[in-house]
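Below, subunit A partners subunit B and then partners subunit C, in two separate complexes.
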Partner chain A sequence: MNFAVSTRQGRPAASEVLRRLPEYLTIWVPLLLSAAHLIAFSLWTVWISFTPSTLVPVSGWVGLRNYSAVAASRNWQIAFDNLLLFGSAFVLLSLAAGLILAILLDQRIRGENVLRSVFLYPLAVSFVVTGTVWSWLLNPGLGIEKLVHDLGWTSFRFDWLIDRDMAIWTIVIAAIWQSSGFAMALFLAGLRSVDSDLIKAAQIDGAGPVRIYRRVILPTLWPITITVIVIQLQFAISTFDLVRALTNGGPGIATQLPALVVYDLMFQRSLLGRGAAAAVLMLLILLAVLLPYAAWRYIQRRRTNHA
Partner chain B sequence: MPITTTRRRLLAGSAAALALPAFVRAQGAVKPRLTVISQWSAGSDGAAITALGKKFEEKGGVWQHSPVPGFTTEMMNKLRAQIIAGDPPACSQLKGPEIAAWSKIAPTVDLDALVAAAGYEKVVAPDLAKLHKPAGKWIALPLQIYSTNMLFLSKRAMDKAKADKPPVTWADFNALAEKMKAGGVPYPVANGGTRPDDGQKFEAALAGISPVVYRAAIMNLDEKALKAPEIKAAFAQVRKLADWMDPNVGAQHFSTNLKRFVDGDMGMMIMGGWAQGVLRNAGFKFEDFTIAPGPSDNSKPVFLLNADAFIFWQRKEADLQAGQTLMAQLVMDPAIQTMYSQITGSIPVRTDVDLSGNGWSDGQRTTAAALKDAIASNQAVLSLAHNMAQENGMTAAMIDVITEFVKNKTIKPEQAATRLAEAVESAR
Partner chain C sequence: MRERTFAPGRTLIYFIVLLIAVAWLAPLAVVVLNSLRTNEEIAQGSMIGWPQHLAWSNYAAAWSGFCVAETCAGIRPYMLNSALVTIPATVFSTLLGAVAGYAVSLWRFRGDNWIYGVVTLGIFLPQQMRLLPWTIVLRDTGLMNTLTGLVVIHTIQGLSFTTLFCRNYYVAIPQELIRAARIDGAGFFRIFWRIILPLSPPILVVTVIWQFTHIWNEFLYGVTFTTGQQQPVTAALIALSAAVADIPQHGVQSAAVIIAALPTLLIYLFGGRYFVRGLTAGAVK
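This part shows the complex of A and B:
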């Protein structure tokens, strides 16, 4: 009833607000709630990281002691080295795999839709499933190595899963399998949005397909590339379920990653303060990736606005 | 018309039901009620606690069990949340030194009078009893015991090695492993590769070499004992075990390879008594394997204790308090312990329970006899790998070193011994 009355009285501003109220409610209430959650819990975690909390949160102040204890622990050092290796290898390789798949699919081939679904499908599988399946495939006594042995090539060796120096690469393999389809989808969209006049112009000028890709198409993809890198990097930094199912940090503690260390400290060792400190360190690593990205986006936007 | 009748009956019925508790109270008795949290929801563990609940109800109690399936840590998260909210369960699963740690964050029930009335203290292993009365008073009650260092021998692997006697010392064990290898058993040692598995190998080695050093170094964290030559010797023995294992085990659960163990493809398994239940559930027969106490260099059995327990949290409600009393009495009752252990494959906490009956297996009898002998010679010690010797934080720091040593063959035993001492220092 109120709706009708206010419209008839001709107060466009108020009625406009009323009419859009459901929209505002659906957007802003969840947004504010989740922002409050995010910020409140992040601040709470930061606070806990400065307290001597163990089994339960307690107040008190221990300064940076939790941070120095985490940074000095072997687990964290191994986790941090692994993150550098895993993060860069995974991002670069999934980028490359996604780009190659996208270019191949872009050739207007038959069955493109089927293939696209096939390559995207791993994304629909949960990381725990991916990790478990790959842990069987990569187990030398059960999976690929055994298959090749049974086929007759008995000197074949592929035992990265139980080799502590190579085990981190098994996580790279599984992660690429899981998410290169995602990179492919974004790249394919980018490839398809390239202005066909540009390509035709290049063709008229006598450029071959390789040259067209290198000089015309790929340079237009770099905003997408940066998006993919940022999304994959934040995935790499927060990887937990995949490594937990695949190697569980093993052999020994060779494939620890920061998220595993946080979980281990908080819930297995009941050291809430140290776990919170490790979580804050993870947040700082994430910010180191996201802040430059945000700055870049800001500069981009200002540039386009000026132009 | 029939509807009206039903409704009237229903009304009368619910009125009666409502009046019933009041009636009971009028009789002067509070109906005992118990809120319980545990991780036991499925398999033999779930069956055992359900049976315990049935007994509780038979005694007129109201049993309110909320299982939190999954890892023990998830059960602990629920417990933590309830304690912080000021609403702890009347009773919850908790074990080892965690009982002492958790008892500092919320008030617990003094069970001394009940324990004395049941004469329980005399029939519990002394080291075990200590864990359940951290400040001198009983606040928790052990429920069942497993040994983490039982030796399972594959019948077919023994045949291949032409051996029939279980090894007694580590030297016997090593000789038998060599014989198995020579007799065509590819992997004389069967095991999983999880963290507790690796921890069990180390604790079995050290406690078998010297229970005295084990007690000093692992249970009491004595600095001198942590640098004793026995620690190095234990790591050297663990290296031998690791070399006899299938390297492909990776991080697999021990149960993954049980078939290969029974087939004689793997020979000996150092595992807790629970493996017997797992073997039986997997359809293997008692003839397929034999169970013996883990190797001990002084030939007297060494028993690495792992015991599940219930801790009792203070509540003001009269019915919950009555429930706690009833529960404590039940847990200490030899008949209940018999029922429980026969379902799960463990052995009773009480050392005076007769295991000659039909419901018990040879493995359980061997385990119970080993416990008795080990207590008599002061060789019943607390398991590190299963969080009985130290709090979780310290345990994890030590297992880190052990699991890395098992998986990384370039680490020398002396290096591992130094790292273990360092890990203890930094986790203190």
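This part shows the complex of A and C:
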């Protein structure tokens, strides 16, 4: 289908290949570099995860021993529990915040562009910066708690940052602040593409604005909602910088997350085999999210193609 | 469409939206204000407060005075490092991505869909899966702890995004245009130069902004593959917080944070539209 013009009889002559060599190189070298590094590096990491490598990669085979060591470690168990809590809380709350913001901005309000920029600007800033700033704001001796104390309410407490049980919520707060704008942008695009005839028809039927949102507009946002959930989950699974800057996994190891465990094993404890196993486990968690999504996308696409 | 008349409901909407907007801006406002307060002033009160008098000297100290680890040159060298990594890697990955996107969408060749599919997997593959291989590759090529090493990494990894962006933009160009040019004898490069590139500014702006923002803000590779004087500014900020943990200098630190965030914030301020387009383009594949 694609060779309509270039098709000649049989193989191109050697001189032709030579003449087109720069073209072949330009096309293939970057693409192959990219594709090859993705495949080779993934396989490489998987291979290391089955070796007894510690300080340097060594060959050898230890089966699933690295995996069982990682899975049995307190560090990983806490990280995994934290991921479940952080992932679900962050995704649900940022979804809700994004949807509410999008609906509010969809009311033809003045200054919509400025407001949209305000809700999105955190995404342009590094997580290291925002994590640092939130670590100041949430530090009870420096930030909000100190301010309220100085204003006279001395029994006020907001010390989640140093509270083992609550510290993970500081990461939820910072993450929501940083990326709800993303959900808002996608939802707003979805709201704007709702067929206005549908809305008019509902209005003629006497439906009020709340009812129109619930019955007509929101149901069309399902596909966008799923996309937002998947992207936010992907973000949650690979969260590293934000935690590094905000709590550095602490207090103790209370806010450990898988990405921090991988880094810790690889570069601080020099247990390369286990670090690689933890990285593969991260990938498996990610695949548990992405594969159903890909299947859903595939089915949807086929359905629309048949319709 | 929806009602437009004034109603108490609309006042409430404005009230809520403005309240959230203030909350969203508050962290930025706090750091900006802190960057203008002296360390002593902050130590007496909290991080949240109005400057008694403007301490611009924080910026001078942050830029070229304070000490990270054992060197006392401010964050200037690290800003320079970030620029020296971000600018070349953005240019290379965008150019290569534009050519690759053109090749897979319009030029078409055997295996194009297959290799494109593999390349876009890079958007999903966690960085942690590539950390050890990159460590080994950088060590064996002598690029460990060099800015060149980071440029190579960001260029190759950036291709997943840049190829996707450009390919999705170029598929909208009619194939007949290319076919006609080929019949006229134009080759791969001439078609790219004469037809594709002049059509590309919108997507190139989106791609450049996206790449610049992401590479500038990147932390994991910076902190893993460079140390000391070679670190990009994100890694240096973390090192700074650790270095001053005993005697905090929050005024100077705030100024450093503002300086480090400024390049991407300015780009967002002037090219926000394109930045958002990149965000949504990455999402809706």
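The rule we apply is simple: the second predicted complex is superposed on the first by the 275 of 307 C-alpha atoms of A that agree within 3 Å, B and C clash if a C-alpha of one lies under 4 Å from a C-alpha of the other, contacts with A are read in each partner's own complex, and residues count from 1 in each chain.
To be clear about the criterion, contacts are C-beta pairs under 8 Å (C-beta built on N, C-alpha and C of every residue); 3 or more make two chains touch, one makes a residue touch a chain.
Keep in mind it's a predicted model, so treat the numbers as computed, not measured.
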Room on subunit A for both subunit B and subunit C (clash or fit): clash
Which of subunit B and subunit C A:196 touches, first, second, both or neither: second
Dominant contact partner of subunit A by residue count, subunit C or subunit B: C
Contacts of A:216 with subunit B and subunit C, given as first, second, both or neither: neither
Subunit B versus subunit C as contact partner of A:250, first or second or both or neither: first
First, second, both or neither for A:42, with subunit B first and subunit C second: second
Partner chain(s) touched by A:142 [first = subunit B, second = subunit C, both, neither]: both
Touched partner set for A:92, first subunit B, second subunit C, both or neither: neither
Partner chain in contact with A:269 - subunit B first, subunit C second, else both or neither: first
Partner chain(s) touched by A:108 [first = subunit B, second = subunit C, both, neither]: second
First, second, both or neither for A:62, with subunit B first and subunit C second: neither
Residues of subunit A that lie at the interface with subunit B and also at the interface with subunit C: 57, 135, 139, 142, 267
Complex contacts: residues of subunit B adjacent to subunit A: 73, 76-77, 80, 83-84, 101-102, 104-105, 193-194, 246-252, 391-393, 396-397, 400, 403-408, 426
Interfacial residue positions of subunit A with respect to subunit B in the complex: 54-57, 69, 72-75, 135, 139-142, 159, 161-162, 164, 247-248, 250-254, 264, 267-271
Subunit A residues within the subunit C interface of the complex: 2-6, 20, 22-23, 26-27, 30-35, 37-42, 44-45, 48, 57, 101, 104-105, 107-109, 115, 117-130, 132-137, 139, 142-144, 146-147, 150, 177, 181-182, 185-186, 189, 196, 199-200, 209, 227-228, 231, 234, 237-238, 240-241, 244-245, 259, 262-263, 266-267, 272, 275-276, 278-280, 282-283, 286, 290
Subunit C - residues contacting subunit A, complex: 1-4, 10, 13-14, 16-17, 20-21, 23-25, 27-28, 30-31, 34, 42, 45-49, 96-97, 99-100, 103-104, 107-109, 112, 115-116, 118-119, 121-122, 124-134, 136, 156-157, 159-160, 163, 179, 182-183, 187-189, 213, 216-220, 224, 234-235, 237-238, 241, 250, 253, 257, 260-261, 264-265, 267-268, 272, 275-276, 279-280, 283-284
